[in-house]
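In what follows, chain A forms one complex with chain B and a second complex with chain C.
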Partner chain A sequence: MFLQLLFNGISLGAVYALIAVGFAIVFSVLKFSNFAHGGMISICAYIGFFFQKTVKPTPPIWVTILFTSLCGIVMSLFLDRIVYASIRRNKSPKNYYFLSSLTISIIITAILNVFFSKNPLAYPMLFSSTTFNVGNIRISRMDTMILIVSVVLLVLLIFLIDKTKVGLAMRAVSIDPETSKLMGINSNFIILMTFSLAGILAGVSGVLLGCKYGVFPDLGQSMMIKGFIASVIGGLGSLGGAIAAAFLLGIIEMFWTYVMGSLSTPVMTFVVMLLFLFIRPQGISGRFAKEKV
Partner chain B sequence: MKKLLTCLLVLVLAFSLFASGAEEKSNDGPIKIGSIMDLTGGASNMGRPHSWGVEYAIKKVNEAGGINGRQIELYTQDCKNDITEGLNAYHKLVDEIGVCAIIGPALSNPASAWVDLSAEDKIPIVGHFMDEVCTTNPDTGAVYPYMFLAEPSCSVQSYDMAAYALAELGLKKYAVLYNPSNAFAKAHAEPFIAYVKENGGEVTAVETMGWADRDYSAQAIKITNSGAEAVFLCDYLAQNLISYDALRDAGFKGAILGANTLAPPLADQVKNDVYDVYFLQNYDMLNPNVGIINELVFSEMAATGTESPQCNVGFAWDAVQVLVEAMKKAKDPTDGEEVAKLLEQTTGVLLSSGDTISIDPATHRPNNMGMYIATYDENHNMVICGREDIY
Partner chain C sequence: MNNYQLGLIMNSCISVIEVVSVFIITSLAGMFSLGQAAFMTISAYLTFVLAKMLHLPIILTAAIGLGMSGLCAYIIAVPTLRLRKDYFTLITMGFGEMMASIVVMLEKYTKGSIGFSSIPKVKSIFWIIVATTIAVIFFAWQLKRSRFGRMCIALKTDETAAKSFGIDVYHLKIKVYVIASCISGLAGILYGLKNRVITPDGFSWNLSAEMQIFLFFGGTNSLTGAVISAFGLKLLPEMLRNLTLFGVNMQEYRTVIYCLLILLVINFRPEGMLGDKEMSPSRMVRAMKRRLKREKS
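And now, the complex of A and B:
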């Protein structure tokens, strides 16, 4: 039983990690909580669904993920161009970013509601059998796929940020964009790069969440809250912290729901977040971000 | 001069008030009826066919001569399965448009907010809001004078499902997984649990989820370990899809029982094999030999492109028939008080199922309607497998 719940918790944590990282990566560079990421996930889930439904023969899931990731990049850059770029240009307060992203997210959900209503849509079945056994543990194939894709993606992302020049530039811009510019870093390019990465994560998350939970307008938005909590617990802007917190949150949530029931679970997660903000505001990662909510 | 102007103003106001009153009380003009449905909210997969059904039924009534020669004008509002939106829709219809009666949705959350308003405004509302709190006061048992239900209530439906599972399926151990914040689910789950306990069954687990929850695997594992032979699901389609897959993924091999929200397209949308699923149905809607329900659902599918048959088309037809029959008997069909009195005496009104409905004046709910029990065959087609007649 313990191992079963642990595995399910890790799987749930992988879902949260994907969302939290998409959230954290924008925060790390631009220092604002990009709530529009949830809306982007929902749009990508719909794009993936219609891609799978309309293209004949039905493309493999990895092709769909690739396609939605590309769409995610385009939409993310478009969003930056029409909303965030002008805020940057005008050197407007950070609050403008936050309010804009929240508004965009609400608009996206509302538009999806108008066109598709809240009725869930289901991706075609990916597996003929949904689970397999390892000893006494029943393992969901879908969960396993999400776990593997998430881990691979997160490892690649951490490698990109920690071991490449682009990653170094991203870290430099995240610390001080003006000084970075003086040192020859094209900070605008780095910001576009950051949004592109967030777009890829939205594309991947959209398809995977759509496959697991079905597609509906507030799919991304509803999961975004957990991503945000993980991001805060991990230390806003810290990718490693967000990933660790997401897995921790998934595991705690699974055990808490099993023992205490689901109704108190949201209370527990918010209490954990508040405790972190009071006791250890720098989060698990230990990296302090002044702009914490 | 000022006095003259004041007198003229008073005269104009008095005349306009008289004129508008005369128009409302006109005995030969069209009759304004409202329809409040979930067109874009969480239950719009049911609300849209429901709304289509109301329009279709009204069209047929008008083609047949209307209500004692008077045509019906239908005004539809979207309540988005939300209490506030439902109140806005009600006020728009009653205060701005001036409807004299309303066909309500198959949703208890918004409908429960109209119980007092409808009494104040004397607006009869006939609908499929199955939670009994929409028709009778849960504390006093007193009936809400203008609220009328045109199908068995949630409690009756849950009793029917439990009775079928106990007697026909021979199951003894049950679990329930539901969202207590959903009035529809709560109104099903509690009577189901009560009936099972009172009739020799055992409830091994009662697990819950919230609106924002997306992962029910912890609940599913707990239910599976509880030794339940069947699980009762009574939320909307979105939650039922996740519940079904979570339970099967957790290794639950028993029967899945449920409300009419387990009906198609559930079988085509879940990821696990579909077996041992039993759910409530108001109609034998795929049978062309009973009533006109089959004709209705397939007309709606052809007209709107809906991919699976929706019983809400029949709900709409039935509610319109109940209201129209009462209005036809009224001296003034726009007099809400008179129509409400006549609705209380409803008996023998022919429904789309081919059966008739009688309304109990003490509850404003039907007192002669049972429920079908349906299942899925290996091709995911819905098949009627039983009927229970607990009123």
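And now, the complex of A and C:
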């Protein structure tokens, strides 16, 4: 039983990690809490759902994931164009970023609510048999797929940020956008790049969450909170910390649900977060994103 | 006026109280809370559930509810307000989620998601709500003009500068948050008294976000702007009751309309409808005089 729960927890943590990283990557570069990510996840889940439903013959899941993440990129660039670009141009305070992203998240959920109602839609079955056995633990194929896709994506992302020139530029912009402009980095391009990465992550996690929980308008928002909590525990703006915290959170949640039932998990995650802030306010990563004067 | 219109005015008054509480947090101290609805939940449920279980008068249980809101706010504020502002926002949001699930968990007492409806009927509820609203607005107005309020505004404008003037920023923020949460709690109790039923869905995350939107629409630095926009925007969907779009009643689009309005405001008039001007009688008289003079000359 222990191994079973551990595996399920890791798989859950992998999805949380995708969400937390999508949130943290925008936070680390632009220094605002991107609430729109939740709405993006919801809408991507719907896009993936209808893509899978309408296109004949039914495409394999990886095609859906690719298509949805492309849609994620297009959508986040579109949002940047109509909302964030004018804030950047006016050099308005960070509050406005925050408020617009909040608004976008709500608007997406509200529109989905009007057109598709609150009832969850189920993804078509992906696998003929839902589970397989390893030793005496039973593993769900869905969880395995989710785990593999998430881990591959996270590894690619970390490679991009740590090893490539674009990643270096992103890290520079996250430290100081004005100075990196002086150093010949196209800050605007890097910001668009960050939004696109967040879009890809939203697209992939939308499809995965849709497969796991069904598609409904509040899907993104309710999952988003877990992502927020993970990135707070990991230390805001730190990708490594967010990933570690997400896996930790997933495992704790699985065990807690097994022992105490699923109703009290929001209470548990909140208390874990509050305790963590008491004991180690700088987060797991230890890099404390302090506000500068 | 018939009952329907009175009900609309009461709804608007309650939304004004909510927005005043957000005004105190955001406009005075420059913090963003996305969990104010949680304090409405706490005090409303405590008030009515205790009143029913222990057969106590509502006034007494309401005091317990408000006290509990303040206490919870204090517990959240102590670890969070030392950190940067973003933590505060995320944690208040998590708190809102937690309260909703606690209500469902304690189904035995709260009736869970069906909603708690054994709320006693109160006479002349309309006047109670209107009087409370006016009192709350007056309180916030005095708070803004007092030494406390000026300290808060200094803190909002520049935290480091405020610190260097000897303002105890950390404790000031805690006080602001506790006061505002008690006001939210008051709104929750009035909401329960008016609707005679409270559900966890009624105090969802969207309500907290809606308050923030109302506030920004009216202007973050103007109390009168916030009050007017809260009152007006709450009434707005009622005016669209008879219209339909894509075969769906316009009221369904309420949230969409709010969001579009706020996006327009952010893009074209970032400081809100009233900016940082306040509308007060003396100011209006002065403006009238100026206009008369201009017409004469």
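Assorted remarks:
In the analysis below, the second predicted complex is superposed on the first by the 290 of 293 C-alpha atoms of A that agree within 3 Å, B and C clash if a C-alpha of one lies under 4 Å from a C-alpha of the other, contacts with A are read in each partner's own complex, and residues count from 1 in each chain.
Simple rule for what comes next: contacts are C-beta pairs under 8 Å (C-beta built on N, C-alpha and C of every residue); 3 or more make two chains touch, one makes a residue touch a chain.
Not measured: the values here are computed from a predicted model.
With both structures placed on the common chain, the touch criterion links A:214 to chain B but leaves chain C unconnected.
Looking at the shared chain after the overlay, A:186 reaches neither chain B nor chain C. Once the two complexes are laid over each other on the shared chain, residue contacts for A:92 go to chain C alone; chain B is not touched. With both structures placed on the common chain, the touch criterion links A:114 to chain B and to chain C. In the superposed model, A:164 lies in contact with neither chain B nor chain C. Within the superposed three-chain model, A:12 lies in touch with chain B and out of touch with chain C [touch as defined at top].
When the two structures are aligned on the shared chain, A:225 is found in touch with chain B and with chain C. In the superposition on chain A, A:269 contacts chain C only, with no contact to chain B.
Touching of chain A by both chain B and chain C, each in its own complex, is seen for residues 113-114, 225, 263, 265-266.
On chain B, the positions that touch chain A within their shared complex are 39-45, 48, 180, 207-210, 212-219, 221-222, 225, 237-238, 241-242, 245, 248-251, 268-272.
For chain C in complex with chain A, the touching residues are 32, 34, 76, 79-80, 82-87, 89-91, 93-95, 97-98, 100-102, 104-105, 159-160, 205-206, 209, 212-213, 216, 220, 246, 248, 252-256, 259-260, 262-263, 266-267, 270. Interface residues of chain A, counted against chain C in their complex, comprise 27, 32-33, 83, 86-87, 90, 92, 95-96, 98-100, 102-104, 106-107, 109-111, 113-114, 221, 225, 228-229, 232, 236, 263-267, 269-270, 273-274, 277-278, 281, 289-291, 293.
On chain A, the positions that touch chain B within their shared complex are 1, 4-5, 8, 12, 15, 113-114, 117-122, 125-127, 130-131, 138, 140, 142, 213-214, 216, 222-223, 225, 253-255, 257-258, 261-263, 265-266.
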